[in-house]
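Here come two complexes built around subunit A, the first alongside subunit B, the second alongside subunit C.
Right, the complex of A and B next:
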């Protein structure tokens, strides 16, 4: 959720007077060696959103993207002098410039969209963090080597341990600390089935054109079924919902052709 | 020490001297003082007693006092006793060392024999204190706990917590052990955590690390320190509006470096010297482990010449050069050189001269700065009391330059590159000495050569610190 500080809303206000510059940069960690499941989902979601809005940007991969970000989370964009991080803030920033994907939605639909976005962030987002940082197999085989790959020994161990502590604390504050892996799978199952039911047979959630909800679903679902993890249950659950998979493939076709090979499922 | 006044032998003093019957001397009278020359009076030390030892081990005491046995005559004994006393003090185990010299008596005594007794008081096991410390333009409060003479050979364990006026905090645990040998070497190791904020550059850093240090003197006044330091630095931006160039350097880096510090101090005193020169060269090689790699040199040279009665002319140069090693190794903004501030280039804000991005100083790979001062004591004072002696007035000219210079092999070309666009300021001011270590300055500065992007200070500038240019 975006943190609404006075300075941030002022900067969004100021930024809105200028049109979208040609040299906007999008910062994320290194894709091949470093990025982890939750961050990858968020980065893809923001990229999909910006492409849907037909806003041009260049991707910059940095080992310290997470530390450079004003909120401490990736991705973030540099738009002139402004730095905006995370999907919700970026949607608001872009909206203040008069660009919106939800201009034709009714009030009810917008509320429904926000509810689904909230559902995805709470369930899929936290499930990804759970699988990455709390599940022992995944943590030892995937997370530790990837997170520490950009740091020298012994910093890689120390920082990974610090980050794990932080994430576990966050999970337990949100009530996910006591959940077992089974319960997490059930939660993912119910979230996906709710989304799938709402989507039905249409291609996108609201009408003919995608919205930020579709971008967010793309980010999470696509990352889940394309990231190889030692624990494949997560991917298998998601693959069952074929309409969600169709949505992801459509967005990939429309906006992400000519991508790096690692995204091909 | 060629002559010593000999007084009546029952004068109540801890240091008693008895001379041998000198054929040139008349009989002693209470009020009579005669000059007695001690050269040529043969004497030797028969026994040395060290009184008051508790936990201090015998071997280091024996090694410290052993040289007194080499004394051939009385003057040697006096001078030697004084030297041994200062060496015992330097061990850091004792306070209050008294020396007592008497003729030797007893079965093993020789006719010219002397017995020297050192009365020592060992320091307590734990000593604590609250001090103030003066650092780079800030003052801090230090709460410390020390355990001197831990295992009996002068080892010292000290922990300190400091809080500074510029919101720097530090925590330090240090264990030091003097090593035996001619070069008075001391080995120390410390673990530290130090947080500091640098608003002119827009970042704050937390530095945690481990340091091993071997200090020794290869000649009188020449001190060496060989260090290995591993430090984990975590940089983050202070404000949202920090320059992007600084923001790009946020994050953790690990520096593992070897450092050699050579220091030659021939001045008569560290603050307000009137004569002598000072030279310090720091060479640092980072890159054995960690992801930071560079080769850095930093030089300070100062010379003092007395001109008129109490007027001193001082010239000083500071220069530094950093060379990056490979492309994968990072050089962080906290390793760069900065110029400006009351401690190096007066007339400019702290870090105010040099490359700036959006108003924030980003530092550079090389710098040089020179200053010429004329110091004099407070004028118009007929009496020079101790208080007035703490002050000096000075007029100065200082100049410097900082940047990423591409130096080649041609001296002439290099000189042109280094002196292109240099900064200069002059002024006058008042300096006050704090103890023997630190100095406070209040100057009126007139910057005369400024470059675009610099932050000069025209007018009054205040500075407090230890090493001034």
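Right, the complex of A and C next:
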């Protein structure tokens, strides 16, 4: 039988006893020089979620945010004595405090939301990692200089090579290692088409109020169409779906009054 | 000329036409789309385009992978999703990604990483089914691949308890979400099965039917009674012949046990007669070789008289010497 010692459940359990403190810190890498496409998407998604829940936090940019994170991935938040990383864990942590964007959804809608979140993680998430770490043009012109910008020589080369190896292994294990760039673009196309079809003419996916699914879509889609890459096919595919772009613009208007400057490679 | 569509698959057991989820997915999709598919149990992934089963063959075309096979069948106008709206198609795509993200790692764990299940179920089954010499290679390779997946997803060693707990927790959430989505319906989108039903059946049927030793996830699935009914419904409607063969085979294996009990009286009699014959033979042999001697009453009397005469002569001789 599996043991019950899950780090997430412990922090959720203990964290639920305290209200949301006023000094919560949100850690991410440097936006201008360092952050990469997949990390930027995840950071924006979590920020959007916290703003939708009207939870106050301050952004702290750290060159070693990835190493400080309990799971090794950004973003993570420091809430009292707890460090919680990545959207799923943060949603559970916030939910344990009685704050939820999905309280009015039925069980079926929640199941559907889970499914679409998986779709975005599996397709858009992995596609971003593919484009960042496997595509030679983007890797040499954007990823290598940005990832290594905070380390001295030769650490910048070694750590970048290590991270690339790790990400390529991850892609391979998830069945993305053998895909060509064309196949990746087809997958992105079908994912965006499914999301667009489901969204239809509504502003948000479920009713009048946004949920964590809307936050996740905002994080990924907004990052993709605002990040300048040598290869613009990714952004062109996403821009075709106007209702997804409208969703992103609405969330930006409502929750991000003044946006941070765009990524400049 | 109509070339037949063929599918090379892993073999079946426990009432399933195939124990492998990818093969089952294609076979269920073919049944739902009324594809005239001939299946061949090859149990050998060696000579295949991608090194895995199933392999779909139509004339000179060979295709691996469910999405490619489904796309080819749709080109030939075979589809299970004709009655779905675009929104339902989008939902179907989303749910299949939910299964591959949350449930697939758990199935890899339960089949290949969990030590008891691997040693008592998976490895013996595959080793028995694969031809020589692949039975020495593939089970070990699948085990290594599954462990690498665990290490990639959780970034700790595969035997860390975090992996087992994490994998089971995600899978249980996924099963609960599927159960809630299915509700009391027969299939996920109305009264006719679609691609999503084929995918869900392929994931759930082996998990439900295989005799796992560590059955935590299987028990959670059994607790979702509507999912169990869903799997049984599809097995009975679309794979009835396989199910019936398995039931008949199970019954015929139980029959020899009952027949051996009916032989009871004859068996005892034969045992008694055999023991009697053996005893008589051994006793006769013992007598014939002189191991056992039996003397009559007259012989005993004559021997006694002889003994008395010998005693008297000895006594007389000793008394004469004394004088």
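Criterion: the second predicted complex is superposed on the first by the 256 of 265 C-alpha atoms of A that agree within 3 Å, B and C clash if a C-alpha of one lies under 4 Å from a C-alpha of the other, contacts with A are read in each partner's own complex, and residues count from 1 in each chain.
Convention: a contact is a pair of C-beta atoms (placed from the backbone, for glycine too) under 8 Å apart; a residue touches a chain by one contact, two chains touch by 3 or more.
Small disclaimer: the values here were computed from a predicted structure and weren't measured.
**Student:** Of subunit B and subunit C, which one touches more residues of subunit A?
**Tutor:** Larger number of subunit A residues touched: C.
**Student:** Which of the two partners, first being subunit B and second being subunit C, lies in contact with A:254: first, second, both, or neither?
**Tutor:** In the superposition, A:254 contacts neither subunit B nor subunit C.
**Student:** Quick one: is A:151 in contact with subunit B, with subunit C, with both, or with neither? Answer first, second, both or neither.
**Tutor:** The answer is first: A:151 touches subunit B but not subunit C.
**Student:** State whether A:63 touches subunit B only (first), subunit C only (second), both chains, or neither.
**Tutor:** first
**Student:** Of the two partner chains, subunit B (first) and subunit C (second), which one does A:83 touch, if any: first, second, both, or neither?
**Tutor:** Once the two structures are laid over each other on A, A:83 reaches subunit B alone.
**Student:** After lining up the shared chain so the two structures overlap, which partner does A:32 touch, if you call subunit B first and subunit C second: first, second, both or neither?
**Tutor:** Neither partner.
**Student:** Tell me which partner A:200 touches in the superposition: subunit B (first), subunit C (second), both or neither.
**Tutor:** second
**Student:** Touching subunit B in one complex and subunit C in the other: list those residues of subunit A.
**Tutor:** 7
**Student:** For the complex, which residues does subunit A have touching subunit B?
**Tutor:** The touching residues are 7, 11, 62-64, 66-68, 70, 78, 83, 151-153, 155, 158-159.
**Student:** Help me check something: in the complex, which residues belonging to subunit B touch subunit A?
**Tutor:** 232, 235-236, 240, 244, 247-252, 254, 289-291
**Student:** Which of the residues in subunit A come into contact with subunit C in the complex?
**Tutor:** Residues 1-7, 71-72, 107-108, 110-112, 114-116, 118-119, 121-123, 169-170, 173-174, 190-191, 193-195, 197-198, 200 of subunit A touch subunit C in their complex.
**Student:** For subunit C, which residues count as touching subunit A in their complex?
**Tutor:** 86-87, 89-91, 93-95, 97-98, 100-102, 148-149, 152-153, 155, 161-162, 164-166, 168-169, 173-174, 177-178, 180-181, 183, 214, 216
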